[in-house]
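Listed next: structures, encoded as structure tokens.
Next come two complexes, and both contain subunit A; in the first it sits with subunit B, in the second with subunit C.
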Partner chain A sequence: MTGQSITRHMCLGLLDRIVVFLLLVVLTFVLPRLMPGDALDLMLSSDMARSMSRAETDNLRQSMGLDATISTQFLTYVTNLAQGDLGRSIQHAAFVSDLIGRALPWTLLLVLAALPVYLGISVVIGIEAGREPHGKTDRAFTGVMTLLASVPPYSAAVFLLLGFAVLWPLFPASGAEPLFPSPDPLSRSLAIARHAVLPVLALSLHEIVRFYFLTRGEAVGLSGRPFVLNARARGIGGWRERVNYFGRNLLATLLARMTDSVAALFGAVIYIEIVFAYPGIGLLLYEAILSRDHVLLQGIVLTISALFLTVNWVLDAASANLAARG
Partner chain B sequence: MIRIDKLSLWVGDQTILADLSLEIRPGETFALIGASGSGKTSLARLLTGLIRPGKGRAFRAAGTVEVAGFDILAAPESTMRRLRGHRIGLIMQALADALNPQMSVLDHMRELLRVRGADAGTAEQIYLDFNVPARLHHRRPAFLSGGEIQRVLTALALAGRPDHLVLDEPTAALDAESRALALAAFKNGAGERAQLLITHDLALARALANRAGFLDGGTLVETGQAEQLLSRPVHPVGRLLIGCSTGATDKASPSGIAAFAAKGDPQGRPDTAGATAVTGLQAIELSHGFGACQILDGLCLRVAEGTCAAILGPSGCGKSTLARILAGFEPLQHGKLVWGHEGTRTPLAHPPSLISQHPHRALARHFSVRDVLMEPLLLARPQRWPRVWRAEGDQTEQVAALLSDVGLPADETFLRRKTAMLSGGEAQRLVIARGLAMQSRCLVADEPTSALDLSARTQIIALLNRLKADRRLTLVLFTHDRSVAEGLADRTYRLAGGRLVAEV
Partner chain C sequence: MSCSVLNRISVAILLLNSALYAVPTRAQTAADTRPLVIADSRGDYGLLAPFAHMKNGPAYLYTSYVFDTLVAQDAQGNLVPALAKSWSRSADGLSWGIELDQRARWHDGTPVTAGDVAFTVSYMAEHPYVFASTAGIAGAEAVSATHLKLQLKQSDAGFVSGTLASLPILPQHIYGTISDPETFTQKAAATGSGPYILDTQDKAQGRYLLRRNDAYYRGAPKFPSIAIVKMPTDAAIVALKNSEVDVITDVPLDRADIIRSAGLKVVEAPSNHPMRLTFNHAGPFGAKAARHALAHAIDRQGLVDVAYRGAAVVAEPGFFQKGSPWRAPTVLDGYPTDIAKAKSLLTGLGWSQGEAGRWSRSGQSVTLRLVAAPQAKAVATALTDQLEAFGLAIELRLMEPAQLQEQIESGAYELALFSSSTMGDPGSLMRKVFGPAFNSDRFPDHAELRNLLIKQAVSTDATERLRILEKVQAIYAEELPSLLLVNPIWATAHNDRVTPTFLPDGVAIGIPMAMHKAVLLP
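What follows is the complex of A and B.
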């Protein structure tokens, strides 16, 4: 692929993702409205609702803009969205964008910290195992990974919590930082790091196994390729063989799998934030579902999908670029 | 010095080498000649420690192998790594996959020099010494031709000045010019080296070796001084191998001459015949380029049905690209491919099948011989729904007929053999059989014999000649080997500057 066609590929990819995002906007708008009743009925259905007269509810409905036609509502929704206004969460009594803005950095912290952990561990041991298929190292690592693979990821999170926060309280059990954060930035970041260790570990375990088997399989294939044999015959070994001959030729496969892994991480981060009561976007989403906060739900779904589509687009372009090398 | 004493090598129950004894002193070059599948490559890998036999491993070995005073079979991996490149070099046949696709030509040499603790700045000069011109230094291997890859490999293997060198079919993929260059490189410093040359190329063996031996059934059946042995072998196996070689020229050229003689005028006939009624393959105004590099420039070619056009050219001139375009592997950029009389403009219904230089890479490793041939036969059956992927009686017969057509056994054990376990010659014959199974009226052969030993080469040439006559098969042959072209071709062209020039 030449430089020109890569640019073309990237533009087409961006267009694809914009179309997908617009479809999602329509979907998030339509789905809640397909349910019987509207947002006001939902609010009034709670036990604490006081009895209101017909005139009062009509008045409220009008002020919430729910009496307009579907098309007018959609138009308002899209116009607000275009201005960056995701609406207000009535349950939280706050702007949705503020809520997301507060939660998203914590989730990004977990995801970005987990990424190097699981990639580093799984790629290093995967290459180590795959460069000599069926050797001692391979058998040992593959054995351990098979064991790990049989532990469901949510139970791994619970086990980690039980082991290192309750039975042996090395790390805090919940939250992203202490209730009263230290004013000193250094000790505050240390506290944040301590709180992040267990969730990051739980999140990484989820992906280590997948990436280990992927790397090992690819490395087994590479170890039989003539260029690896030739390099060994020239006396190249050690880290050069692992990095230049295995690592660099694995990049394309790893990147391709990453696009799918990022989605899996955002899925996994939800229950990990629930288990560790971590104030990220997953917990917010969970609360929004429980309290039937549709506006917040819409906002979170759109934010996560926009984020995911962007990462996906960048990774896709990078793998296309790499694949062009052959 | 290389000393092999009573070496036997098995993989599973299969014996690869049996009781092989051999001694090569410094300054000596020993040529090991054997048919494909005789265990030559395993020996080369064993000597460099790339095959590590032992308990719990795929390979088992008995006997001793000593290189540079080290017991190779017992030496730990760390010792072997220090020996490799430094004391023992290996030059293998240049496959397209022989260099790391992610690294440029220059990166390979710099890395090697850093491993040796040498100055990485001398990399360019070393390449220039080995005839790798500066324009190639920053290319990645995907943009090198077979001959260029071989030169890079030679430079890499000899850069560390090893005093033991194993050459495993080192010139198989080279054109005449690069072959002479390679030969000069192997000879340079051979006085201090103990060299083992594994080849089926007798001319190379004569030029390079002092001593020679024939390998058959995993053991040396005859050794002697190279000159004497290669001209007058005593052992029947040696006579067969040598006989094939002389047979190749004796048999091949008369048939080539006969082909011309039968037609009376070697130049006129294909042309006039093609112009009037005879159908055939036509390539019209093909132009092709990668980026700024124009490879084909308005190329025209007409091959009449039942004839063979040979296309010669130095490495890197675009032979493989043209072959891939003709076979439909590379999308046409400009121009047309047509089957028919002159003046017809109907595009090709079925692109010709490609017979590639590296038969093993053209076959799925995990397919059995039967699977390989059955697939095109099943696909060629008239469509019906639901599709039945089961062989019927006549297909089993067809498979057997195809195999005997190309000189392969058709018994059950061979049919079940995985293609990865075939030797180069067997695999190439299988690829041709597959091309026939696809009912192609035209075969495009890209260096079809360069990876084969002499007996296999003769058989393939005879086979292609027979197919040409019996089945009216049209053949486009790409080669750098003039003797192959003479044995097969009705017309010979030279590819230069992106166009074809007819040769007499």
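What follows is the complex of A and C.
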């Protein structure tokens, strides 16, 4: 691929993702409105809420912007969105962007901490197993990974919670920080790290298996290739063989798989945050569903989508660049 | 791997452990300076201000720590002075004179005046507040800084317990310039006159920190600060055992023994928010005998055992539940399970049972559409099993509130099941029985019941009102506008620092929670 065609590929990729995002904007607007009732009906559904007169509900509906026609509502929605205003959550009495802004860093902490953990472990043991197919190491690692693959990811999170937070309470069972965080930044960071250990581990386990089998499969293929056989014949082994002959050749495949992995991670982080009551975007999304907070729900969906499409585009561009280098 | 390598790894793990455990926790600090920590599984309730909190009971209750009402409840639920030092009513019940406590101050130090109360009345007429209405007030006049005159449109028996005890008073100097209070979510919106001041709110973690209002006019509150924290129940139980948490507001009853065995306390009471089976009175259950038949066909103790595993009691049919101050001590038979009687009642209406035991009506096999809220899933399933066993084909559909509302309003159902409050002043009973709302009984006109409900709502004599309500209770149990099935038990766990109590008629608007404001006061 030439430099010009890479630029073209990237531009087309960006265009694709913008179209997908615009479709999502329309969908997130239309879907909640297809459901019966509106935000005011939901707000007044508590059995302790008093009976309101028609004039009172009309007044509230107007102040909530629910009395406008659907086209006006859509126009307002898109205009606000273009200005970065994702709307207001009535339930939380806050701007959606504010709620997401507070929750997203916790989710990113989990995802970014899990990334090196699962990539590191799965690539190292994947290469180790694949460089000598059907050897002792391969059989042992593949056996363990097959076992792990059969454990549903949410069960792994629950097992980790029970094992290391309840039965053997090495780590906290819930939250991202102690109830009263220490004012000392170092102690606070340590406490945050301690709270993140189990969720990060649970999130990593989810991906370790996938990346292990990918790495091992590729490594098995590479181990029969002439340049590897030749290198071994020349006495090249150890880290040099693993890094230069296997690692570098796996980079493009791993990067390509990463695009898919980011989506899987954001999917997995939802239930991991629920299990560990971790105050990230997954828990916020779950609570928005439970409380039928449609405005927050559409804000989160759009934010995650935008994030995912951007990461996906960057990784895609990086893969294209690598492919161009051959 | 050699032993020495394993030893090194073990030492490293131990070192890491000790490093992690070295993080100081508040449990290690002195207990008296520690905030009172209230764990709540539900989390963020919005800003603790009247228009900005979530529209549910816990949000109203926590907001009441920050905003005072004119009249309050003591630890037994009796009405006691709050912002209003005293109040008096004219003989016709239309005029009220209210004397404010001149010591009351807003959190910013400004005195609370009669002008603030008059402002609140007019402001809430313009900006409806979901939990209290000023619609019955014709006018509010601040005679002086501490004296207020209120004129009602008609006599209101529940004016003190219903309106004065539930209407949060707003500061005019803050809300006077706010035209859209639902979007007013700056911290100033939470400037109240209550015993606690909102210090910080962490929306991501669902945590509130409130500090004591040292200048509180009813005496300094017990705890220097209060933390309301979101925590899953099981984690909260562990934290309660470790003295990191002092109260868990909502504990499933099956965990009560575990908590008690750790030397901690659990206070429990029927929620008086029973599961209510309402009827489509335009359908086959328009006939009273059909409603009676259904009541006799249902084994309500069976529902308690199966759906709640004992964490509920059988509900009473006369609307008010045991413990309610409005309930007359009349013993109602409560429709004991009697299949033979149920069958005879239905047969008397022309229903017939086929060979397979299925009921038919006018030659058509009967299939009843039962719609229920997802929260009622367990009891709806158990009820379906019982009615199917009785020979009634049931089509059970669980739906979200908005869909449930639409379904009921369209009339496309025979039976509906959801939780419903029987607490709070009975002034609102008229709308709960005859009102058009989906969660009303939507009972067709019943002249005697309607007249009694109107009479009790405007009665100026408390004893007479109770007598009327006794008749209401008897007619309700006989007519069954809806059938109250089971009354779930709610529980709150706590340690010795605090003594939560459930109030007989709930908090203010009828909230069945034990951590009411009186618990925090001297």
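Simple rule for what comes next: the second predicted complex is superposed on the first by the 325 of 326 C-alpha atoms of A that agree within 3 Å, B and C clash if a C-alpha of one lies under 4 Å from a C-alpha of the other, contacts with A are read in each partner's own complex, and residues count from 1 in each chain.
In this section, contacts are C-beta pairs under 8 Å (C-beta built on N, C-alpha and C of every residue); 3 or more make two chains touch, one makes a residue touch a chain.
This one's a predicted model, so the numbers in the text were calculated from it and none came from an experiment.
Considered on the superposed subunit A, subunit B and subunit C are sterically compatible, since they fit side by side. Shared-chain residue A:Gly237: touches subunit B; no touch with subunit C. In the superposition on chain A, A:Asn249 makes contact with subunit B only, not with subunit C. Of the two partner chains, subunit C is the only one that A:Met52 touches; subunit B does not reach it. Of the two partner chains placed by the overlay, only subunit C lies in contact with A:Leu179; subunit B stays clear of it.
By the touch criterion defined above, A:Leu99 reaches subunit C but does not reach subunit B.
Aligning the two complexes via chain A yields an angle of 160° at the C-alpha centre of subunit A, spanning the centres of subunit B and subunit C, rounded to a multiple of 10.
Once the two complexes are laid over each other on the shared chain, residue contacts for A:Phe211 go to neither subunit B nor subunit C. Once chain A of one complex is fitted onto chain A of the other, the partner contacts of A:Arg225 are limited to subunit B, with no touch recorded for subunit C.
In the superposition on chain A, A:Tyr271 makes contact with neither subunit B nor subunit C.
No C-alpha atom of subunit B lies closer than 19 Å to any C-alpha atom of subunit C in the overlay. Overlap of the subunit B and subunit C interfaces on subunit A comprises no residues. Taken in their complex, subunit B has these residues touching subunit A: 45, 48, 50, 81-86, 89-90, 92, 95, 97-103, 111-112, 115-116, 140-142, 153, 156-157, 160, 291. Contacts from subunit A toward subunit C in the complex involve residues 35-38, 41-53, 56-57, 59-60, 63-64, 88, 90-94, 98-99, 102-103, 106, 166, 169-171, 173-180, 182, 187, 190-191, 194, 277, 279, 284, 287, 291-292.
The touching residues of subunit A, counted against subunit B in their complex, run 2, 225-227, 229-237, 240, 244-245, 248-249, 251, 325-326.
Chain contact summary for the complex, subunit C toward subunit A: residues 17, 19-20, 22-26, 35, 37, 43-44, 46-47, 49, 52-57, 60, 126-128, 130-133, 135, 180, 182-183, 185, 202-207, 227, 229-232, 234-235, 238-239, 244-245, 273, 400-403, 405-406, 418-421, 424, 428, 431, 435, 437, 439, 509-511.
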